[in-house]
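Below are structures written as structure tokens.
Paired with chain B in one complex and with chain C in the other, chain A is shared by the two complexes that follow.
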Partner chain A sequence: MVLQSSLKHCLHLSCILRTPKVGFRSTATGGFIIQSTSNDVYQNLAVEDWIHDNMNLENQQVLFLWRNSPTVVIGRHQNPWQECNVRLLRQKNIKLARRRSGGGTVYHDLGNINLTFFTTRKKYERMENLKLVVRALKALRPQLDVHVTDRYDILLDRHYKISGTAAKLGRTAAYHHCTLLCNADKLVLSSALKSPYKGIKSNATPSVPASVKNLFDKDPSLTCEMLLDAIAEEYSTQHQIDHHITLINPADETVLPGINNKTKELQTWEWVYGKTPKFSVSTCFNMVYKDSVLDVKVNMEVKNGRIEICNIDLPRQWLPPELCSELVKSLTGSKFCPNETTTLAATLLRVCPQDAELQSRWNLLCENMVTLM
Partner chain B sequence: LQITLPALSPTMTMGTVQRWEKKVGEKLSEGDLLAEIETDKATIGFEVQEEGYLAKILVPEGTRDVPLGTALCIIVEKESDIPAFADYQDTAVADMKAQPPPPPPPPPPVMATPAAAAPPQPAAPSPAAVPTAGPPPRKGRIMVSPLAKKLAAEKGIDLAQVKGTGPDGRITKKDVESFVPPKVAPAPAPEAIPAAAVAAAPAGTFTDIPISNIRRVIAQRLMQSKQTIPHYYLSVDVNMGEVLVLRKELNQEVSDNIKLSVNDFIIKASALACLKVPEANSSWMDTVIRQNHVVDISVAVSTPAGLITPIVFNAHIKGLASISKDVVSLATKAREGKLQPHEFQGGTFTISNLGMFGIKNFSAIINPPQACILAVGSSEKRLVPAENEKG
Partner chain C sequence: VCIHRVRSSSGVCFIKSKYVCMFDKSALKFSRQHRLFRTSAVSCGQIVQFKLSDIGEGITEVTVKEWYIKEGDSVSQFDSICEVQSDKASVTITSRYDGIIRKLHYNLDEIAFVGKPLVDIEIDASKGVAPEEDVVETPPMSHEEHTHQEIKGHKTLATPAVRRLAMENNIKLSEVVGTGKDNRILKEDILNYLAKQTGAILPPSPKAEIIPPLPKSETVPAATKDQARKIPVPVSRPIVFSGKDKTEPITGFQKAMVKTMNAALKIPHFGYCDEIDLTQLVQLREELKSLAQIRGVKLSFMPFFIKAASLGLLQYPILNASLDESCQNVTYKASHNIGVAMDTEQGLIVPNVKNVQVCSVFEIASELNRLQSLGSAGQLGTSDLSGGTFTLSNIGTIGGTYAKPVILPPEVAIGALGKIQILPRFNGKGEVFKAQIMNVSWSADHRIIDGATMARFSNLWKSYLENPASMLLDLK
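Presenting the complex of A and B:
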């Protein structure tokens, strides 16, 4: 994914990073624009981390442009099971990422663009950034009815959300990032962001659902490239810099030393799932077995993504009680994860006498348990 | 000194205390990250403004919408002042700090809190020490209470070796006192530990890896198999010369997405052999031995979660290409954790192949209730005396 703009060229990023004033007019609001060559959400989030941790933003500001292949991104303190259909994501190979900034859950695909505004903590100004985006949109298409709300959303036609915002403030640096819906797949978006999981109670940050629309729906002549270009243009005007967009490769250690470690960390289970604030699951499901319908109640407490307490209430004697208590004991302390549960269940089954009836009942119970995760 | 929630950003009116980065008893230096606050879609690091020690946390992690100006925690200048706040509006944090014992010789039960009774060996369900998958100390710091630190220094104990039983694996005074070189049983009387025994253990001789539940269950199963089934082993060398030639030929003929492996041939051969020797394709079912008329081959696949044996069903009637496709698909699914239960439960015969690691031969462990498992090693070139002059 490369912009077709003739105004950009590749500068070696390390020159820019180490001697920021070289090549640019060093005014009070110096800055530059970079764009990722990758569509991998983890790599792109890692770039944000890298810039946040490594760059000196005292005399310059940075605008980072990026797009991702289909991904659901949850906020730092959110619960993925509450926010999206984790099962569906796995089936459809939609990635799940947890970002370091707060806020709610969003769906990204190549029809959505992401903008990150890096400044010092003092110069952190979300409204200004969003107004810049609106100005850019209006410069491109004056008739567009877009405006910024006081919740830092951008609305189209007063009603439809086309952009959401989140931010992270560190010791000296800060970043504000936002999305912009150009031509994303709304069907996938709504099914991905619809959680089927019931009975979850937690203090995790909830998302506020909103009706969304693509800019493309309003004006089919718009493309992501045009939007990115317009925003870059507006940013360069604002900061009195050249409209150069530097491409960066988020896998390049020579330009971004240490970046691959950051990327790896963002992909770990411990980060994506393990950082979920403590929550409890209290639900019941019906299992249809031969001619009867069975009621099963499940209660679990999950901390750091692992099951701390587990209770399964089954009709008496439907399964041998020792086997059930083995299951509960094994689940306790293990990850709240379908793979682990499935493997545990299968391994446990082999420890007991083989019996087709028992096996099919066990499988039924375990399949249902797995759907909770 | 009460620390209240300030406006961390221009528009902030309230915040959620998402995470405390410091524990009660920890030393706070200016600029350290104290807590992570979320407000209005922004995650903000709240830093320590004044040096001191964290004496008490008033607002627990996860508390949402805390108004500005609410008291978050208490910081004291001197470490010795901390216990005074232990009961201050008592909430969550299991305080592992002891009352400051006057002089060195440690009279043990000065521990104020019940949580101290947890034995040094954490069992998996115990909430006090959750075996986290990640590396224990964050950023290389060892969580230790100041008193324990002092005690360890006096005794010459290397804290990196001591196992912490406090919250988040924190090392407490009791941990230091009961620290002994590995083999001793848990919870010894603290006075009984002579300094000499401690000095003998050299630094960094072992790492304790927590046992995951899957690993425990697999271990239990394998142990049961090995202990209850009388294993006996038969080895034979198989001449693979013609198989390798056939494989090469077939791979050239067959379509691009299928590449037959040596293992696929072994699977097919085993399946056909099982039909001829049903005793090897049987299941011990306590009261009967079930001789299976179909051959479902369990193929051992190593995954991060453990050893899994997905099944190639009806291997006796499937062709090589079909077997090959199955194996590739099952192995991929196994590694990605996408196997369905029915795909790895069952099986009448198991094949485990370590040939790709250069292993010559090994003794595998039977998968109950099966009767037999085939352990395959790597092939090697061997010079065999010719039958006649022509070879």
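Presenting the complex of A and C:
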């Protein structure tokens, strides 16, 4: 597809947005502001991808405003098991997404706003963007003590983190996005971001935990809408453009051709879990069976989200050794995933002696194995 | 062929090529410390050291997080080479050249330095285009890297990307009108040129088809345009299919299927099929659906099929049995744990409803709802998936009439249910009426089950469903 790569850089706004009002072409530092109509993290991340890959940002910059329903977002090179309670997320239907930018893990819900600043790679400048946000906050509430640290965090009252930053640089374009806590659910946030998984060793980027606060805690009159508006105002002043926010539907293929493929890719297991850098799990658990307590040691190496090496150390003869080695053999090469492990375990049970005692021991072992994932 | 010697700030290089590359002297005025000009000769397999370009913000080192290529891979210009991370920023490094990767200078998680070699690329000599200058960019530099290209005595300004685009479309730059500064040829100019050739309006979709340019005809431009506006005539060329076979290891769900089916192979299957008139059941379900809804349960046909099967198994317990490995003993299972085949994103799973023999139709429906929502969320537990004694597979929800299901060991029987069709049938009076017909296909283990037993079980099951009121007599 020879033409494809060139078309990428030729898409002008007129192809994308229906509104002719956005006056950007005439000014040297043009720009415009768009806001997503969706609260689906995968769709919104896909919009970022789309703009990064398809838009010509030579003479304009873009500010993208978005919010998500409860989601944990991990950085490009992170390990979800180290960063959050994956099991809890599944139970509570909190989404898990991996973004393409670096950095640490954050919790989003509708009380948190996300801002993405798109520029060419040359004009990538995170400090300026964050200073803009601080200016907007101060314009809205002059008494707020907010400032930018040299780690690109925004702190409230010199102590509480209200914003985290991450960035993605491509060949010609770049984006810097950050969160802003307005009124997020802090209880869910802390339980979601607390990993129960022990014994994980990896080179994945670790998150730096911080005390967080909502702006709402400081000033209950603040809402997300007010914050979005203030930031849009500051951005339009800075770039000498209309304070006009264009709504964008991340599912609309006519406006964003190819977006649904991007959304799908972000939802695949291969992306969310499979991109986890290689790690090892070395842990043990106790199983209570009838009157005894059994010690089980497990060692696994996981690469691309799949179990490469697996060792399960059980008390001798508690389960037939052939069955154990069958389990280990089956797990090797499988996804580090509770569903797969459960299915494999259930299948193996079909082809071994039908003994109720054996079955209940087997189920107990497998249930415990699954808690590691 | 001309040879030119170009002196740059950090070295002298030779160029030998069809075209003469000369550098815009003004470009040399920019900051020198990061600047490295080198043009490589288009001789066979010259190794170029591709250096890590500036990330911005004064960053001098990054961590290599992922390699997208390995030594020996061929790359094209703009292909992604690796992902590096620096201080919360993830950067995709793309190749500047077409060629073959000969050396990776860093392993994963190692620190890489800006300005130092990242990979060695062997330039592909056969392409015939002089590779661009190896430039390490710094922010203040103009991003319009351009080279002059002397073709037939003119200097044509175009960026490397534009020249590549032209080359790939067999367009001579000298024939394109440049609309950029200094008559520079921009990408839009190439596209406009192409559009004029084919008369096609290029859609913004990434799936745009390449319409090869029609042979130029200067004498009859109007006719060519007309022709082009209809279906473009494809230039005849040998059909090249570049799809490749893909081999991947079997893991997870598929592995589980392989194991189960290998075990099932050992079972001598026989089949028995029949047709069930569900007209009365359809009506009954319609009446009961809303009642179940009020209780918060979605009522399908399956709970009826499952309960009827359990009633049948009470009369023919051999179908709810298990044969041991050595085929010496048959175990008649007390519980009717009826498995329901479920199709999920990951594949086929078979959770079972426990102890159907003591459950009401409503309880079965409720349990099915629970298993279905867990199944689609990928959260079924080991106890849900094990302990099954008999299985029903409602393939009819997807389609089909008769099937040949495979028994899931350690069970000895399985039933596949086709779709419900409205078909004409004769009633007792010899009149034609609309009947709701479903087909069932049973498979059973012929080592311990004979055809007669299967047939009688099926008839009993059928009678319960064709006349649901009769179930009331035998419900426990």
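In the analysis below, the second predicted complex is superposed on the first by the 348 of 373 C-alpha atoms of A that agree within 3 Å, B and C clash if a C-alpha of one lies under 4 Å from a C-alpha of the other, contacts with A are read in each partner's own complex, and residues count from 1 in each chain.
Following the convention adopted for this analysis, contacts are C-beta pairs under 8 Å (C-beta built on N, C-alpha and C of every residue); 3 or more make two chains touch, one makes a residue touch a chain.
Since the model is a prediction, treat every value here as computed from it, not as a measurement.
**Student:** Overlay done on chain A, so just call it for chain B and chain C: clash or fit.
**Tutor:** Clash.
**Student:** Between chain B (first) and chain C (second), which does A:Ser282 come into contact with in this model arrangement: first, second, both, or neither?
**Tutor:** neither
**Student:** Classify the contacts of A:Thr342 with the two partner chains as first (chain B alone), second (chain C alone), both, or neither.
**Tutor:** In the superposed model, A:Thr342 contacts both chain B and chain C.
**Student:** I'd like to know which partner A:Arg171 touches here: chain B for first, chain C for second, both or neither.
**Tutor:** Touch partners of A:Arg171: chain B and chain C.
**Student:** Scan A:Pro257 for contacts with chain B and chain C and give back first, second, both or neither.
**Tutor:** second
**Student:** Considering only the touch criterion stated at the top, classify A:Asn39 as touching first (chain B), second (chain C), both, or neither.
**Tutor:** Once the two structures are laid over each other on A, A:Asn39 reaches no partner at all.
**Student:** Which partner chains sit in contact with A:Gly103 here, chain B, chain C, both or neither? Use first/second/both/neither.
**Tutor:** Once the two structures are laid over each other on A, A:Gly103 reaches both partners.
**Student:** Kindly classify A:Tyr124 by the partners it touches after superposition: chain B alone (first), chain C alone (second), both, or neither?
**Tutor:** Both partners, chain B and chain C.
**Student:** Looking at the overlay, does A:Glu270 come into contact with chain B only (first), chain C only (second), both, or neither?
**Tutor:** first
**Student:** Thinking of the overlay built on chain A, is A:Asn59 touched by chain B (first), by chain C (second), by both, or by neither?
**Tutor:** A:Asn59: touches no partner chain.
**Student:** Determine, for the stretches 8-16, 116-124 or 188-196 of chain C, which one clashes with chain B when the structures are superposed.
**Tutor:** 116-124
**Student:** What residues on chain A does chain C touch that chain B touches too?
**Tutor:** Comparing the two interfaces on chain A, one with chain B and one with chain C, the shared residues are 75-77, 90, 100-104, 124, 152, 165-171, 203, 205, 277, 306, 330, 333-334, 337-340, 342-351, 353-354, 359, 363, 366-367.
**Student:** Touching residues of chain C toward chain A in the complex: what are they?
**Tutor:** Result: residues 55-57, 65-66, 78, 83, 85-92, 94, 108-109, 139, 143, 161, 165, 168-169, 187-188, 190-191, 194, 202, 204-206, 208, 210, 249, 251-253, 255-257, 259-260, 263, 322, 324-325, 331, 346, 349, 377-383, 385-387, 408-410 of chain C touch chain A.
**Student:** Which residues, counting only chain A, touch chain C once they are in their complex?
**Tutor:** That would be residues 1-7, 9-11, 15, 75-77, 90-91, 100-104, 120-122, 124-126, 152, 165-172, 174, 203, 205, 257-258, 277, 306, 330, 333-335, 337-340, 342-351, 353-354, 359, 362-363, 366-367, 370 of chain A.
**Student:** Show me the residue ranges of chain A that touch chain B in the complex, using the header's touch definition.
**Tutor:** Residues of chain A touching chain B: 75-77, 90, 100-104, 124, 152, 165-171, 176, 203, 205, 268-270, 274, 277-278, 303-304, 306, 308, 329-334, 337-340, 342-351, 353-354, 359, 363, 366-367.
**Student:** Inside the complex, what are the residues of chain B that reach chain A?
**Tutor:** 8-10, 16, 18-19, 31, 33, 36, 38-45, 47, 61-64, 124-125, 127, 130-134, 212-214, 216-218, 220-221, 224, 283, 285-286, 305-306, 308, 337-342, 344-345, 367-369
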